[in-house]
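After this come two complexes, each holding chain A, first together with chain B and then together with chain C.
Up next is the complex of A and B:
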């Protein structure tokens, strides 16, 4: 779910860059406060590569196939590292594959980074007591929040001369069409975190 | 122009992309598209751009089919309940023109760089070392991990893997296996990086700006400003 170039006004795209830059600055500050952040770079890079590769592959969600977002999973597994990792992934997708956009990089960063951080918060809050619920909530919730931010940006950014009612209807259809993706990501994150808790708990933040 | 430094290419792409994105009227759109085609030809990236345009073209097709039918009040033609509307058609043309031009310029300038040069350009633009290192390592292992995931997915299908919704847990297991492998690989990678004296970021070639880079950046900035000025005055 990426905003392509040319959809939103340039002022909005610039504001997206400013907000994302602020978010990246906060994330880097939090990362630098960790005991040995450099030692975590290879691990974060390797996990980011897996997330990136997995998001490029189509997963069957009847009646169609979808590309996973994995923002919630990145938030849970990478913590604040998810912010720079998502920004890097979005930049590479825009430049190498023409997905998303160069001018909308900042807005797309917000669409994915904010849900990732919310998923991290959810996992930190209830992951200890109800891990399955937290995992499903992190996976599905991140998609729902991302859809909400995406819809808000599109509705604010589309040309004023367009029919507002038609715009809203189109965005509602788009959001409804993505609900199976939310469910699918919830199931995938639930199963995946359950497996990792059992086999490789070191991969989880509290492991 | 193929010798333009990676840092200059990144600046050119940003300047032109934001200049094109600022266009609000249809009058300058042919000029914007002509400029985009010129950049593609000057950088000799025609084939690469055509290959990478599939996803944006699909999006443009969707917009062109939907917007003129659902948006606007001036009806141009009507067949039963379906009406073709002027405002929707104009909005679709504007968005499509801007999108295709920006993607063409981005791909022509940046997708033709080697991953190493691309990341070196980012580092030269003062992007934090942590992010450039992430980008470099991601690019380095992306092919390998993608191939592994694809192979595992084919193997799952050949073993008679489940289909539809019931296949989701299997996909989660594939992903979990890849993540565990990635964790093991990252431990070896970190050991190798420490042995090579990893300190403040991975070693990247310097990407200085030469006179031709400055000329290209100035030219691109003037073109972008010219496009915006024409758009606001016409």
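Up next is the complex of A and C:
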């Protein structure tokens, strides 16, 4: 679920860059305010690789194909580090795999960074009391929010000469096909955090 | 009936049959000419065809406004005849926020595809993932080494 080049108007692409640049600036400011930001770098580096490679795992969900997004996992595990990590992962996906465009990198960043931050917020709010519910909600909810942002951008930027009705129907089918992925990502985050709780609680994110 | 009157009646009938009547005079005319056609095949990088995707065509003299539209078939294919203008024609295929643009240089001789996307093999993809993983591992180890060095000096 990456916007390729040429799909959205230039104004939207520029606005996407401006918004994502602002988001990265806020994230870096929050990271800098942490007592020891460098301590998180190994975890950030490894999860960035997982995020980068996840887009290769295409799962056929008729009539379309979906791939893992892992925005919820990134948000819960990395906190504000998720924003630069996702942007780096998206850049590498665009350059190396052609997944997503370079002109739409800002918009793609918003599509995944905002759900990651919402997942983080959910985990911080209820992760202490109901960790399983928070983990599942963060993983699944991030997919749903990402799909909603993606659909809003696509439908807002439709060119006049396109059959809007057909494109709306295609986007609806595409969104419905991602519901199994939302459940799957919810289970992935739930299982991962459970395993960490048992094996290595020090690696658990702050709840 | 006399012989003369029979001859007159026969002549009238023959004239009626041979004279083209306005109601039955739709002549079929055919003009044939050769033209340059373009055949598109749109598919995702998974190999799945972009069935019933929308195609927007931009002519060389106006790359902003669409020259025409079309829809791919079940196999992601679409064929159409271009206009007479030579130059770079652009074709955008899109479906549910996914899509790609391809350009075709049309000359007086034949259309030439000058840019199109190509799917990577799994070997190439795995190699790139391995390279990125190696970079991340190196970054992680570098950060850990620096941290240990800092802790030791403290």
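Quick note on the criterion: the second predicted complex is superposed on the first by the 193 of 207 C-alpha atoms of A that agree within 3 Å, B and C clash if a C-alpha of one lies under 4 Å from a C-alpha of the other, contacts with A are read in each partner's own complex, and residues count from 1 in each chain.
In this section, a residue touches a chain if its C-beta (ideal position, glycine included) is under 8 Å from a C-beta of that chain, and two chains touch if they have at least 3 such contacts.
None of these values were measured; they are calculated from a predicted model.
**Student:** Overlaying on chain A: chain B and chain C, fit or clash?
**Tutor:** Pair status: clash.
**Student:** Figure out whether A:53 sits in contact with chain B (first) or chain C (second), or with both, or with neither.
**Tutor:** In the superposition, A:53 contacts both chain B and chain C.
**Student:** Classify the contacts of A:41 with the two partner chains as first (chain B alone), second (chain C alone), both, or neither.
**Tutor:** Once the two structures are laid over each other on A, A:41 reaches both partners.
**Student:** Is A:3 touching anything from chain B or chain C once the two structures are fitted on A? First, second, both or neither.
**Tutor:** In the superposition, A:3 touches chain C alone.
**Student:** With both complexes overlaid on chain A, does A:154 touch chain B (first), chain C (second), both or neither?
**Tutor:** In the superposed model, A:154 contacts chain C only, not chain B.
**Student:** Which partner, once the models are overlaid, touches more of chain A's residues, chain C or chain B?
**Tutor:** Between chain B and chain C, the winner on chain A residue contacts is B.
**Student:** Considering only touches as defined above, state whether A:18 meets chain B (first), chain C (second), both or neither.
**Tutor:** Neither partner.
**Student:** Let me test your reading of the model: by the given contact rule, A:171 touches which partner, first (chain B), second (chain C), both or neither?
**Tutor:** The second partner, chain C, only.
**Student:** Just checking: does A:97 make contact with chain B only, chain C only, both, or neither of them? Give me first, second, both or neither.
**Tutor:** The answer is both, since A:97 touches chain B and chain C.
**Student:** Could you tell me which stretches of chain A are touched by chain B in one complex and by chain C in the other?
**Tutor:** In the superposed arrangement, which is not itself an observed complex, chain A uses residues 4-7, 38-39, 41-43, 45-46, 48-49, 52-53, 56, 60, 92, 96-99, 159, 161-163, 166-167, 170 for both chain B and chain C.
**Student:** Going by the contact rule set out above, which residues of chain A touch chain B in the complex?
**Tutor:** So the residues of chain A touching chain B come out as 4-7, 10, 13-14, 24, 28, 31, 37-39, 41-50, 52-54, 56-57, 59-62, 77, 84-85, 87-89, 91-92, 94-99, 101-103, 158-159, 161-163, 166-167, 169-170, 184, 187-192, 195-196, 199-200, 202-203.
**Student:** Residue numbers of chain B touching chain A in their complex, please.
**Tutor:** 13-14, 17-18, 20-22, 52-56, 59, 66-67, 70-73, 87-88, 91, 94-99, 101-103, 106-107, 110-111, 118, 128, 130-131, 133-135, 137-139, 141-142, 145-146, 149-150, 153, 163-165, 167-169, 171-173, 175-176, 178-180, 182-183, 185-187, 189-190, 193, 198
**Student:** Write out the stretch or stretches of chain A touching chain C in their complex.
**Tutor:** The contact residues of chain A facing chain C are 1, 3-7, 38-39, 41-43, 45-46, 48-49, 52-53, 56, 58, 60, 63-65, 92, 96-99, 150-151, 153-154, 159, 161-163, 166-167, 170-171, 173-174.
**Student:** Please give the residue numbers of chain C that touch chain A in the complex, ascending.
**Tutor:** For this pair, the touching residues of chain C are 44-46, 48, 51-52, 54, 56, 65-66, 69, 71, 92, 94-101, 117, 120, 125, 128-129, 132-133, 136-137, 139-141, 143-144, 146-147.
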